[in-house]
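Here it is: the structure, laid out below.
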């Protein structure tokens, strides 16, 4: 709300500068009114969007246990939820956090590399099964995954990988050959003349990919990596099937979900929220820093085209 | 070189000579790698030979049984035997139909991979024949290996991802599809029971033989499509409008407004949706507010199907708008300002400008994104399952509620009911809808049609 | 073409690797259980019998996260008790509510001893996951009441080792309602209404609403809960209950879920809620010194006051049919359900004992909440555990009573709807 007055004064000045002499003052007034309305709408939207987030943060500092309270602001404040979360004997959150971080980092590196190389190959090279592969990849991701979970579990079991963090890494990286669409769109917009010049100088396809395409694709690399990094923090279902009862190897998603089951929710709800903050904050910071790459990534290079 | 590689390659394939039994390379038909050995490509020949030996050994030792198991899905049921005079019964292990099915499919996939290797072996032999006739030396292994970085870059780069896809995605999907043709339901759970092939019975049940089931199926499909359409387009348009507001040139602190919305992307959905569920509950904060405003309590999620459907759509806006906003705000900045200026000079109103300039431009760029979103909404498990749980429950449906999508319904059928076969049929239908929609839509987008023009 | 050859190198590697994997994978599937049998004579109910138990057995036990500390202590004592056998016990986390799914996912990977709510017994036995309890059958019959034994039995064979019992009962605010008020539903509602308050019940959940029908003698899968065609949810008795339920809303009963109840009890607008002991900590906090508990009230149907009959839910320890060391596993299951160990579980974790002697121990009966629950379970029936219970717990089945309560089903349609409900319960083949 604070913005309304301060900014509209600022606005008037700006509009005044920008306004051409021909424009009448009524148009100017309308524009100011429009700006104020937009500010009001944006403020309301922001409040709506922030309430759940603020609620999670406030609950994480709440001293009273329990999930269902009518008061938004805690009656008593505490840091104990964080302390007991990180030193918890019942729920080893610390181990879960670093498990997830490890899985995230490794699968992020693997799948970023695989996705980008597939995208490059499909963008630049022409070979027999290229079109079929692209159509195939488009529809393959659309099968509801729940039922194939059990098959994946037994395939991993056959190679002795259940209850192992590598199983999760394989699971999260295996599909990376399918997620090339956005990066391929981006590569398509990098002028071919660049790599042709390099090839005349004798560069191989591999060298073109590493030395010409990659340095020109900052946003898409960041975008792909960011998406791959976030997946393990969100996935509950697959991780649960693969990890089973080995709870020292759990990821935070399974662990947090466990905390809000019927028998645990009263006792652990505030710790659960503290856990959410611990998971959410790093991802949020990453997101803020890399926002512009994300935008460039999702829109592919299409903007330039 | 590579730029006209396509034409060159086509020519090459056609020009390779046919293998006849007069040529020594024809030995490759029976002993894989024979031609390579004959023409001094020892390492490559050894690889082919090893593949053949490994495959034959596997088929003799395991493969035959596994394929037979795929056909029967097991014949011996697990049981208990108590010897006379003894108290403790002993378990007699039986066949596990589910593993029979899975390993049978694995054997088929391995056979498929072997056939590919065999065909490569044949074409290698043909190429060696043509080189020998032309009096040229074949590539050494080291040369072949180096070509991976260049002319065969696609081979090097695609092998690993494709193997990953084959074993972790394709194979499980085949497994799931085949379950639709069995009676793997709550009465035939492994390892205590066997299940069998039953043909199209499950499809018939869902398409009409079982009234309750087909009634539920039709209604759930209907709601799934309605949901996906409304959810996708409402997110899309409102997201664009929010982006337009933030991008409005008189608005300050653009980064702040954007960041506030983006905060929600960073929070795992099962957390934010849990909060939402609490807010919309019968005695939750929103209802308390309504009561205080004198508007009365509203049953958002429990009993009223229409309310619940509206609530899930609204909450989906909360989830989805930040994404659209983020994506379109980048695009909006790229719209050439001359387009706006000239429109203004022509006296166009802001609404006209939106529909005639902004929207077409954004739509053009984000068409693929829109398709992906539509598909994602058809399969939007999180919002429905974590918010309404598919409810309100109804006496008219089979194991489903009024806001259940196909995907949440099939989840319930597997997790609560263990009716894998029915869930599998629903999964197949859901897949067909998604695949057809997206293939048609995608092939009509500009970015697909103009793929070659860009470069 | 050379490219394809190189690709084939990768394929060959994958081929060999996966074939090797399948070779070992298949072997795993045919793992046979221990062949050790036990003669009838040596089994005679004595748990310390040294004839039982595999030397050096390594067994796994499942329990909820909060139970870990206690279970590890008990497991340690167990290993000491059978020191000559050199057992190793590993305790892992698995909530009992989700145990069924985890076991059915892969019986071979499940724990040797696990605990589940007894209504899942049928599905687990049908899936071939449970070892019959023959060796300690006499102990179970001697130490547990008839309901617990019935709950541990499926199709005439005893499987379970009863651990604890749960049921819903009434939490209320004693500053508004007296112990006399909560004896009858009508009395309770009237008093609350007079004070401008209301009483809550989760009408969306059959676990909480089916007891109304059971009060009037309606049968769920017959007398013993084993007869597929034995449900009488369309009988005149059931219709009478349905009509009674349809009038409850007007009398001031509110459809409140457990989560909302916590808030409403705290702000005082709600003065009673029926639910189970898992909410007792939260409700104690919400009600403070006004916290009180009682068995469920009676309802007036067919011209008489009838006690609401809740489901008794037993938690059972079960031995995995695919256990490599079933005898040691049975000894552990038996050990965990001995009187002293159930009392320890009660002391440490408030697990209400199923064992008759333990349940009558003064430390147990001295707890008002537990006493109210045990009072309620005296009139409870064990939930049936036949596999058709999935029909009963399904979404559509849940909807009938809720719709009747909310007035969505007209009085005239009640009979037709109940007929449909009753039919849906016995559906065995869904095709």
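We just call them A, B and C in the order they show up, numbering each chain from 1.
To be clear about the criterion, a residue touches a chain if its C-beta (ideal position, glycine included) is under 8 Å from a C-beta of that chain, and two chains touch if they have at least 3 such contacts.
Everything quoted here is computed from the prediction, not taken from an experiment.
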item	value
Required steps from subunit A to subunit C (each step between touching chains, minimum)	1
Chain ID, smallest distance between chain and overall C-alpha centroids	B
Farthest chain (mean CA position) relative to subunit B	C
Rounded Å distance, subunit A centre to subunit C centre (Cα mean)	39
Whole-Å gap separating subunit A and subunit B, where each centre is the average of the chain's CA atoms	19
CA centroid of subunit B to CA centroid of subunit C, Å	37
Junction residues of subunit C, two or more chains touched	3, 18, 22, 25, 259-260, 263
Numbers and ranges of subunit A residues touching at least 2 other chains	67-68, 70, 127, 150, 154
Multi-partner residues of subunit B (at least 2 other chains)	99, 106, 148, 151, 154, 156, 158, 160, 167, 278, 415
Contact footprint of subunit C on subunit A as seen in their complex	64-70, 89-91, 127, 150, 153-154, 157-160, 162, 241, 244-247, 258, 261-264, 266-267
Complex contact set, residues of subunit A against subunit B	3, 7, 10-11, 14-15, 31, 35, 38-39, 41-42, 45-46, 48-53, 55-56, 67-68, 70, 72, 114, 117-118, 120-121, 125-128, 133, 135, 137-140, 142-144, 146-152, 154-155, 170-171, 173-178, 181, 185, 188-189, 191-192, 196, 199, 204-207, 209, 233-234, 236, 253, 256-257, 260, 276, 279-280, 283-284, 286-288, 291-292, 294-296, 298-300, 302-303, 305
Sites on subunit C touched by subunit B in the complex	1-12, 14-16, 18-19, 22-23, 25-26, 29-40, 43, 101, 104, 107, 123, 125-129, 131-132, 134-135, 204, 255-257, 259-260, 263-264, 321-322, 326-327, 387, 390, 393-396, 398-400, 402-403, 406, 408, 417, 420-421, 424, 428-431
Footprint of subunit C on subunit B - complex, ascending	12, 44, 47-48, 50-51, 54-55, 58, 61-62, 66, 78, 80, 82-83, 85-91, 93-94, 96, 99, 103, 106-107, 110, 113-114, 116-117, 120-121, 123-124, 127, 139, 144-145, 147-148, 151-152, 154-156, 158-160, 163, 167, 185-187, 189-193, 201-202, 204-205, 209-210, 212-213, 278, 281-284, 302-303, 390-401, 412, 415-419, 422
Subunit B residues within the subunit A interface of the complex	1-3, 5-6, 9, 98-99, 102, 106, 148-151, 153-154, 156-158, 160-162, 164-165, 167-173, 175-176, 179, 242, 245-246, 248, 250-253, 257-272, 274-276, 278-279, 285, 288, 318, 322, 326-327, 329-331, 334, 365-366, 368-369, 375, 379, 406-407, 410-411, 414-415, 420, 423-424, 427, 430-431, 434-435, 438-439, 442, 447, 450-451, 454-455
